[in-house]
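The following pair of complexes shares a single chain, subunit A, combined with subunit B in the former and subunit C in the latter.
Up next is the complex of A and B:
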């Protein structure tokens, strides 16, 4: 500890939490029409129909996603994420678990149960409404509604049946607003109700999942971002013209996008770290991919991203443009959850909320195989054929340089495993050597004997996440025994979230170090100007050994950083030239 | 202090008590309001505060039937809820002012609500019972108003109410602080208790003994002990009697605020009477016919020549035309008791005897007092001598290098660094500790709802931005919080310092092995 704390000690370094909540997303003028305070929920069809122009403008988008909505609920690419591709119609899953049936208390109990029920995309329990006991007992609800109280999205239950409930939420928000304040959170027992107001859009989460307020609020921000990604913030204008505007048709068929995002809150650390992660690859392989992406970027592509599932293989931005990790998360979620992107090459308008919430970009998406896809983003709505050509060039180079097969190999091999944590610093060979071959040598004297019996790494290390501040990237160790089930993974990430928000406490944070022990884990966290480390250990782990192990993890990450991080990609900056998007403003459509 | 300054004081805080069983018909909404501060707020505003509270209680019960709304956090205000009795809610709305001082722990504020209610019940019995006695609500309102205003005046600093803030993060409301006594002294105290209680005769009676502001002995139930101890420290102990003198007590707000001189006493009484006068003007049932004793009124207790504390708070006994003895209502026995307080130097003895079994009322009480003087005087002298010899003064429980709070939830006991020592901590450290305590509060709350009976076991060590170590350890119903500002930079060093404290001062209760 003492050795590493010396690197933590500098007071002059910039705050290691580089991303304050984005103000860009919130309107300058969020003041709501007082007349909305009455909670009126009358649906006036005629009024809505006056939005014809709007609907036509969005129509292209809608038709595309509606097709997806009709597709089988089991057609997601997510199944592989959890090492299971079994497609079952079993709907007893995840967060929609009713409280009493919760498995969170027993590791052993959790194993088989959650393995047996993979996540199914799309909306479930549509038959429920706020009168159903089962609905009331869902562990985590998400709602989007308009400032007039019209439901836009509900994670569970049919939005239309929830109109009354939605009006209640609206009434609470506007009641407080009329008193010159803004409600953020209501706590009752182990339930939290979190409110987020984004201009005419209200978002609400009702949860009993123990996640801290800041995490739930961050999740609402992402859900709002996902909505903006589909519609742009210009949708606000519809509400300016008609406060009772019904937004549901605009989002028709996108249930699957939201449900997959909500699912990712429980397995994807990017959702709370605001950083992205890379697929581990040999430096040369990633360089090769980066070179061809750079090549096409130079020909008028704004962003070129090559991804494997939720992990980046390489990405390139034109000139000064850079992508915010949240935008990458929302974009890849949109693409991966929409079946139509898989079946053919697609060209779709999307908005990057952190980049420019007001304007559409156009995304050309092509899957090279089940997991690997290329996204080329442009400002030009008629660039399809150019981007298609670019894709062909990229594909040719990737095939020639074996990048795609390397990607598949890496996918099979997985990333860093706690069992492989080197005992002491050694001259390093390539990551593939350390991540694959070494793993086979289960009785290697370099490794702790426990590793072979599946109780994690040295000193009871179960998992870690290392976030590089400068790179906006993180690497997390593979989820492995004894974190066996998705339930356990979810619980671990929720513990990380608590740790994260405790470390980044508003006003006094970030703290430098935190050690936390409860019934489930020993957690250690370091925040330095360069990196953040989150590590989870066996709850009985020895403090001194845990600290030593964390030091070793940091060393290990540094040793292999060329393979696990995308080097040289410019970190996110807000310096984007918004003028060039002016032409794309939706104003003309609305 | 005029009315104008009172409304200045109320700027940042609203405090109401309402009954969900009342005023459910349109036009009768005012009926549900039992108390509202500040009383000069328009009824529409009062009803709006209560309306929001009621709405959210109903709303949250949809998802959380067993525990309704506890807090609303808005951008500018926190609304803290406490269901004091079934359907009787207390809500405090506090403003998050721009000055950073207005940062508090919700649980700390809720304990304020809990405390004022418990004290109220100790003097008058449950709110519901009083409502049933007089259903139009006049009786309860005329009691609640002066009582709570007197209570709140303890938080008055200058013209502002200053509620517990992050600076109080190493204090714990709602429990008692004990004096550590040696074996010999303990035996003396025991025999004193026996002598005291024998003075009452064959009737079941109870006693409480304090030395300075610390509890030495009690024969009351835990809840009653906390209430009576709280009252004693606020109004009866030598420190409390010399009102205005700065005190090191954990309970008294005066410890950290700038109450100065005897002028503050006047200010206090002015603060209340102005409000009472005002409230009777506008109160929906404005009759002021009830004689209302004000046990929390300042400057009303004094030490008589015989060593017993006297007060005219309870008026005059009609039968004997003597000053009426104070009475309290015990939760455990649900019985009204005479409260007899004797003071000798730092020693305060409280004797409680059932009103129902003392014949001849005030004369009976006088007889008991006489017995005490005759039988216990020598013992009292001896005990006082023993205790003051062994006492280390205000900083007796200071441990060099540590700033700590130790709470034993099972025994309702806490001990902490002396406030004067805590104030040496930087604001950053205090904020970090306050936030950490908030986290621990949440964890404890969750444990309470998730698995009843299973106690939380938690250890958190944080090295804050200012390099201070802020540590919390919760185990087997005990909690230890610690700020180490001058500790070395390593986690192991901080843990070691924590362990040392645990083994030396807590019998190793927080040690890991």
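Up next is the complex of A and C:
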């Protein structure tokens, strides 16, 4: 695939991956699915069977059309241990993951250089357009356009200069729609082009990151939701009045909101888990915060949320109103990415797409310190002074009960760390396993050695995410050695995403467990009706020990559930008893 | 513009509870002030210069509207507390502007002297307020970024003429250099009608 040729010199391009430019936009097969078609997209055999919809050749200068040029799975370092039924269909992914590492992460030649600068919000490379080589080399593009082909948003480059490109995308979509069908995915070499049609709004992702179709589609859904949060769905009426309506002025100044959301796809598990996470706090501290929020919610506030960065301290909804985790993600992204909220108290119309995509709510936003902010949502446009009074009451209570200082302390201390996983009550086996693992390590080919030097937790546990189904919440261990850089974190989360979508794939799934080993990790996933556990281990980790460790993680989560989860936010808070029962069962599945 | 699904109810009190704040006090005034104008003309910078004495050259796009307050003392020993609504200049918020300017005693309409487009937009806001604002609203027309003389597109005389025609107070300011910022608010304070003061 992309490593095969390098006709373009990689001068000072941001993307060091040399790749023939012409192949970037030469489209291959078009996968057409009926609207009720299920997600067989990543399963290539099926895809070939589905090509009855015909092919569209969309080459640029070079008309060489690649039809599903796939690497063979045999070269992957995938080591058997078949724990579930779905892994075989996905085994080829691992190959590209490595390629991704070499190209994208700079992982091979050293761990640290990608750690350097923090992410800066805002749009980059506005000077580019589709004629720029650098633009065409970007690994992941996102576009929003109107059904008449007018550009609305592009992750890279100036929207206005991309009018021609947008028109091309629109032409593809309407060409297929005219045939009474709907285009969902186009593969072109190692690029995927994912389409999402939302009435008069079209969203497109062009990516060579090898993320599963379902993940990319989910990301497009979130981008659409972010747009609805800013404008409501009634923006559709503008297109009814005038199909050629230019929407870009309506989104003026929101580049940072979208770019920050797109950035969060690589670091925030909430973007694919559809769950929220809490800041770890003593039970009493969270209770104190919840009590005052409940107090103000009773005075006519629809939702009251106290958050620290992307983590929830407490939240309360009036009566039966409940907040969807995706809405929370989009709302907190909107607030955190818009600097003006930090300057003073603000009152802004916002729409919660999952709550009611047609109507604005009004959000009162106030930052107590650099990280901690209160959001009070109401349906009443003239409630500002009431909400301001509510905030003053909340602030007084939070200060008096030391909630804000506890929040800062928790922020410094961080959350669960794999190194702190409590030891097995019966530590007999762990030492011997550890030793055999060491032996394996020295015997292994040298190419893996550098990725295995990190410390991690017991049994080579590097990271885990535990998602409680009933609570709509997840907890993830802190990113720690040997996952050191943002790039490595991104790679881990992409691996989790693949795992997530393979576990949730319609048609084949749902699955209960999956154990897979590749060059980068051992990944273990376990899904029960009550929770989902995703764990990443050293690639040489012992399977039996990994399973044991996962059980201990579940036990640990249960032991500290009062601190890491917001209890009582949902009527089903007895879930963790079931979790304990389930934890005893994992061995029997694998 | 057309995208606000919940246009504020014109009959409601809006974001204005100042009239309920007890008996009017001629010595200690509280006034609601709203800033309007195109995006990027420097409304937030003017407010932050006035309220906090700060200037941040990195542009931070205002979302919805920010609320800040600042009290100034006049020479005649009266104090004026400005409760300031710094509105977002983006088009999508235009339909929501009545929410913020309804009941306002003062409207400060800002344009950028280096952008004639923003001057046109300022005139739109003046007309809008003449139609829908309080009849006795005090209006100021402000040409901001006066430090950028070299790129000036709107002659000062145009601002003066337009302000005079519409019974407004006119001033050119620079939030960057702090030039005329305090003068703007002091001048507004002087022009406020004094409630229940026997000889005003």
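Operating definition for what follows: the second predicted complex is superposed on the first by the 429 of 590 C-alpha atoms of A that agree within 3 Å, B and C clash if a C-alpha of one lies under 4 Å from a C-alpha of the other, contacts with A are read in each partner's own complex, and residues count from 1 in each chain.
Here is the rule we go by: contacts are C-beta pairs under 8 Å (C-beta built on N, C-alpha and C of every residue); 3 or more make two chains touch, one makes a residue touch a chain.
Being a predicted model, the structure only gives us computed values, none of them experimental.
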item	value
Partner chain in contact with A:544 - subunit B first, subunit C second, else both or neither	first
Partner chain in contact with A:188 - subunit B first, subunit C second, else both or neither	first
Contacts of A:515 with subunit B and subunit C, given as first, second, both or neither	first
Which superposed partner A:210 touches (first subunit B, second subunit C, both, neither)	first
Touching partner for A:470 - first (subunit B), second (subunit C), both, neither	neither
Larger contact residue set on subunit A - subunit B or subunit C	B
Subunit C-contacting residues of subunit A that also contact subunit B	none
Contact set on subunit A toward subunit B in their complex	1-2, 5-6, 9, 105, 130, 136, 168, 171-172, 175-176, 179-191, 193, 206, 208, 210, 213, 498, 502, 505, 507-519, 543-544, 547
Residue ranges of subunit B in contact with subunit A within the complex	48, 51-52, 55-56, 59-64, 66-77, 100, 103, 428, 431-432, 435-436, 439, 443, 445-446, 449-451, 456-465, 467, 489-492, 495
Interface residues, subunit A side, partner subunit C - complex	230-232, 234-235, 237-238, 241, 249-254, 256, 334, 338-341, 343-349, 358-360, 363, 381-382, 384-385, 388
Subunit A contact footprint on subunit C (complex, rising order)	2-6, 8-9, 12-15, 17, 39, 44, 48, 60-68, 86, 88, 90-93, 96, 99
